[in-house]
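Each of the next two complexes has subunit A plus one more chain, namely subunit B in the first and subunit C in the second.
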Partner chain A sequence: MRQRLKVAVLFGGRSVEHEISVISALQMISAMDTLRYDPIPVYIDLSGKWFTGKPLLQRSFYRNFDAAAAGLENVTLLPQPGLGGLSRTSAPNSILPVDVFFPLFHGRFGEDGCIQGLFELAEVPYVGCGVLASAVAMSKQRCKTLLAGVGLPVLPGCLVEKPDVLRDLDAQLARVAASPWLEQFPLFVKPNNSGSSVGIGKAANREELAATLANVFVYDVEALVEPCLSDMFEVNVSVLAGRAKRVSVVEIPVATAGALTYEDKYLRSGGKKSGESQGMASLTRVIDPADLDPGIKNTITDYARRAFDALGCRGVARFDFMVSKADGRIYLNELNSPPGSMAFYLWEKSAPRLLYTELVDCLIEDALDRAGWRASVKWEMEFRALKQ
Partner chain B sequence: MANSTDLSIFSVTVGAEGASAASKPWLLMMHGWGKNHLDLRPMAELLSTTYRVLLVDLPGFGRSALPKEVWGTRDYAERLYAHLDQQGIGRCDVLGHSFGGRVAIRMAALCPDRVGRLFLVASSGIPRPRSFAQLAKMRVLGLVRSILKFCDKCSGTHLFANWFVPRFASRDYLQAGALRPIFVKTVNEDASEDARKIKAPTLLLWGQEDMETPVALGQRLHQLINGSEMLVFPGRGHEPFENAGHHLLTTYITRFLEAHAA
Partner chain C sequence: MLLRELACLILAGTLCAYAYRRLLRYLRFLQQEEYKGERYLDWLKERSAYDRQASLVIAATLLAYLATRLVAWAWLPSLIIVCGAAALWMRAMLEPDPRVTGKLRLKMTERAQRTFQMCAVIFVIFAVVALGLTTRLFSCELGVMLAGLALAQSLPFIPFVASKALEPLEKHVQERLKNEAREKFLAIAPFTIGVTGSFGKTSTKSLLGQVLNTALGPTFWPQRGVNTLMGITREIRERLSPQHRYAVVEMGAYHRGSIKSLADFTPPHAAIVTAVGTMHLERFGSPEDVYRAKSELPQAVPADGILVLNGDNAGARRMADEFRKKTTLIYGLDPQAGPLDCSASDIRFTAKGSEFTINWQGAQFKARSPLLGRPAISNMLGAFTMAVALGAQPKLVAAAFANVEPVDNRLVLRPGTPTSYLQDAYNSNPVGFRAAMEILNQIPARRRILMTPGMIELGNTQDQENRSIGEFCATRCDFALIVGETNRAALVEGLKAGGMPEDRIIQLPTREAGFAKIRDMQEAGDLVLIENDLPDRLEFVERF
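Right after this comes the complex of A and B.
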């Protein structure tokens, strides 16, 4: 067998989306072409410790996680170029070789540019968005502000910060009420820097808005208030970077009660025989709906491609849009990079079809390409000013 | 016997609808021991862009009826051909996993002209290669089994069922229920001669960490099947299609099809 690329798949992390990340990562590893790649699971537990070892590949292992009993190894990535992989914390100067890093986190510290910053400092090839695109994409309202700046229609919203609410709740409630599209209840309230519908709530009046904000502030210091649009439906699409950028077919996710909940996304088995959640692949959805206006499909595809470019995204991202049933107006709502299940369920239905195994190939190829460009740039200069 | 068509077989088709379906070849997919057609359903969905897929519950499993007699895998093969006839399917490609692979080998040998291409996923079918120590242990256990059965017969005890079986029988044997006689008959079959007769282009797909049908068994089949190709996936076990592994297998099956166009 030819030499396989060592791919460190990082998942878990200090995030409310920790479990979803584990599901996404194990699913991706099972699709990975192990004739070409040697996947190395790197699990970051809820306290921030990094582990590697084969037991991490078994889903059942996480029910009673015991690193010591399973003989897991503690590793870390030092922010120092040229080390060639992960450092074993138990043995100084001992390196676990890695060729490519594949972060598959959802949420804080993994999807928001933090881990990407570490990859940049260590100068290692990695899959997915860089620091800037990750950080912007994670902050829902700031992302919308940036995309509105390049002419894309975005769903209006109002950012409410925890310290401001603690200082003067009434003033913040009044500010929300005075914001465009937010004059009338009901309103949706969600963490500005989180995903997977964790903490999301619906407020039918002023008192409920205050209570919903309090719930959101358990998970985030910023809350995003958005209109609850009963006359709109959601349409999602995925974009893939690479030597030729591609856009997937669109999907209409099916919510059980107005808005997609954590239960809709992850606790329904999607008809799978085992009943085990397959992450976002579990969600009930209509892929490439035949009755959706082709004009809407084309516009959404165009907006997603433009947003991907405007943010400087890499890897794969999923863009979520809201479409008015009345007049077909389209509003970009948010983006996820990486999306749950890497949005493979969209790519397997796209033309030309991209199976999950091939999607992973594209992502790793893109990471190596980017590392190559980076290596071609001169980042440092020799001492000159201090030598004078 | 097996070639009688009165035993009901449950099957579903995937990708057989639509105007373009008629131009696609058929693929018969057969699951492993103790499973049913749903095990291979996700892979059938992916393969249905190329194929009209017939997914079956093998007799005695899922929603198919239990054979009244103690069938061997040749009986299964004959009954499957009768089912294909009932469905109006002549020549088709065949994919079998584990026990389904054992039946697929029989089918490919029985009517070589009816099998276009053959895919064996962690297939059983020939005796598992064993080390000297393993063979010695089996001999000892065989002797103990014979002694216990003799004692049971003479004295009316139930030493074999109550002492030997819980300790030494395989999980499949213990869980076989009404299929136990068929399990005992088929598990000891050797389809080596039939494997040699296979003419269809054959792809063997194996998980390197398969403990039930180890890679050595697949390599022996690979030697027996003339012109076959074998892929061994590191990090995969006896069900390399589990979770999203069906994407991996479909990727390589698709490449094989491109190289072996009908």
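Right after this comes the complex of A and C.
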């Protein structure tokens, strides 16, 4: 029998979406084909330490996380090519072999290109978007600016930076009010560099705008102000780039009050009585809604594919669109890579059907392919300048 | 012959295993008493947490052994001892591990490890001495069992002895940690604001820390109610970073001179005094002594510093005249008490929290906050005044209150649809309970639901107090969910006496069942007060 591929699944991380990442990762690991892969859980705790060990596979373990008591091993990835895996911090020359790295973080340091930069330096195969696509996707407003540049319709918004607000709040409030689409309240205010709805707020007037901005600055140094369009509904779709590029069926997530809250996304159990959150997979949603205009579906599919290419994404990403109820106009709002629960719930309803296990196969295959292309790039030059 | 010795050896080994697990448990309480030997002994006496389990097993084994010695079968006494050892082993395995169970866990810090090692050494010394004595006086079996009894009884005292033995070393270590922390603090040199007061100081510190962090710059503040030298030392070592530009330090007055030593440790450039009360008179002597003790903070502020005082409190207001600084500002809710630089008006409590207008030097700023109650508003005024005096924009500070987090789960509103929650998880007392019920009635709602296990730790008045709070609540809520057993009878009796119909009094075994019931019966506009939400304390009783 062929040796199983050692897949280090990295999750946790120093982000407000820490828990969601744990949920996504454990879900993904349980979907992996264990005949082909040997999953190695690598948990980055809230202080930034990396741990590995079997107890990490148990969800209940995180309630009272105690690395020493559980006998976890402290590891790290050195930014040095050719080591062949993770280094044990207790014995730096001792290597825990890894074939592929599978980052499953949400939010800062994991979804924003930081950890991808480390993978690049270490020259290891890894799943998902590279540095550039991750970094751009993480900064909501800058991502929209880029996509608008390739002709995709995006929701207008205004970026407000904390240092500017600390200098002069009133000037910034006036700037927001003067921005197109933002003349009228209510407005949505959210952290520019974070997902999962943490810190998101709705402002009905100028005082509330100041309060929602102040709240965002607890979580981020950039706030994004967007119009709160009541006659709109959200449509999400996922794109996957394996050896071929595919787009999933679309879904309409169902919000209980206006925008999706953190509770909507992660704390509700989607009609099930299990009580244990399944992350994004537990959201109440309509997948492949029959009553959605096929024209809108096709346009969204096309936009998602174009946006994926424009940003140079890899792996799997989920694009969130807003559709106007009045005239059917479509706006690209944001993207997540990797999305919560890897959007497997969309892929298993798509045609052709792709089960979570197969989705993981595609992603790992793609990671290995890309590592191969990178390795074929010539970068070494003979010393010339220094030899003169 | 060999059989007897083997049985003794097994029993001795099992006792060691038991001691290992039991000492860890006692160590947890020593740690909770901050390694203070005397306080640990007080706890031991108060809870009479002496060893019963091992002592009973060994005593029973001893009796059975003595009874069977008269029987002809020579192997029977040895078998009894092995059975006793097995029973003791089971007890040892049933001991909960304090490192992974319970609300306040044992943290194996370096100090805890040192203390535990010392406990082991002391245990071994005790064991050698006890065995040496008893086996000389009696037979091998009797000796082991008697020594075992003595050792089991000595177990709770071993952590005390260990803490005493380590005291000089720990003093030395603490001194080193303190010096390192002080050096680190002075090297980073954040602008430091000291906060003291007989009440409200912890909340005010936390509020000021949060709003400065949002509205002015990176701010360090010790968490929760940390206000002692060692507590602050630890926070500085673990959480202060070179990026911090401001530090808000709560300074507790435990006796004359304690604020002064804290002010020497982290020298304040500015100070807030929230109140000079008459609490803890037994510690200070006279009200004047309390005033003097609190005055050490304004004294430590340099003449060009900032002093912010609560004008509603006569003692705090008095400091304005006595300690003249470049900037002295007074905040308060009561304009009758004297002139105010910062006050609040239009105070309203709604389903979203509190709403109020801050009046600051002739200008008005609308503010809202999830915090409830007039004391919370007073604390916010104190934080506002200091933040603005330090150069923050008043409007931004007022805006920041919309998102502040409460410091210790004291009366906080969590709005939601269809159900909003008013949480008062802080250990409940009759005054706090009534205040929470009043807030419950001030906030607009369609149905008001109370969920409570009642109040505990009230000594012999507990039944009486719970009955009378039941009566008080009967007309102030639409439904009462009584969770747990402890105060059920008294609460139900009180609610009925107050005139609440029986079908509106719902009795449930646990808080989980309570939450399930609330979800089950939910309607739009429900407001639920969760009073005294302390599952561990109520349901978890330690046995020794």
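One rule holds in what follows: the second predicted complex is superposed on the first by the 386 of 388 C-alpha atoms of A that agree within 3 Å, B and C clash if a C-alpha of one lies under 4 Å from a C-alpha of the other, contacts with A are read in each partner's own complex, and residues count from 1 in each chain.
The criterion applied here is as follows: a contact is a pair of C-beta atoms (placed from the backbone, for glycine too) under 8 Å apart; a residue touches a chain by one contact, two chains touch by 3 or more.
Given the structure is predicted, the values throughout are model-derived calculations rather than measurements.
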item: Partners on subunit A (subunit B, subunit C) - clash or fit; value: fit
item: Touching partner for A:Leu147 - first (subunit B), second (subunit C), both, neither; value: neither
item: For subunit A as apex, the angle formed with subunit B and subunit C - C-alpha centres, to the nearest 10 degrees; value: 80
item: Which of subunit B and subunit C A:Leu363 touches, first, second, both or neither; value: neither
item: Which of subunit B and subunit C A:Glu348 touches, first, second, both or neither; value: first
item: Which of subunit B and subunit C A:Leu35 touches, first, second, both or neither; value: first
item: Touched partner set for A:Asp170, first subunit B, second subunit C, both or neither; value: second
item: Touched partner set for A:Leu213, first subunit B, second subunit C, both or neither; value: second
item: Partner chain in contact with A:Asp66 - subunit B first, subunit C second, else both or neither; value: second
item: Distance in angstrom between the closest Cα atoms of subunit C and subunit B, superposition on A; value: 11
item: Residue ranges of subunit A in contact with subunit B within the complex; value: 4, 26-35, 38-39, 57, 273, 278, 344, 348, 353, 355-358
item: Complex contacts: residues of subunit C adjacent to subunit A; value: 99-100, 105, 108, 210, 213-217, 366, 368, 393, 395-396, 398-403, 416-417
item: Sites on subunit B touched by subunit A in the complex; value: 38-39, 41, 46, 49, 231, 233-236, 242-245, 247-248, 250-251, 254
item: Subunit A - residues contacting subunit C, complex; value: 64, 66, 68-69, 165-166, 168-170, 207-208, 210-215, 217-218, 256-257, 263
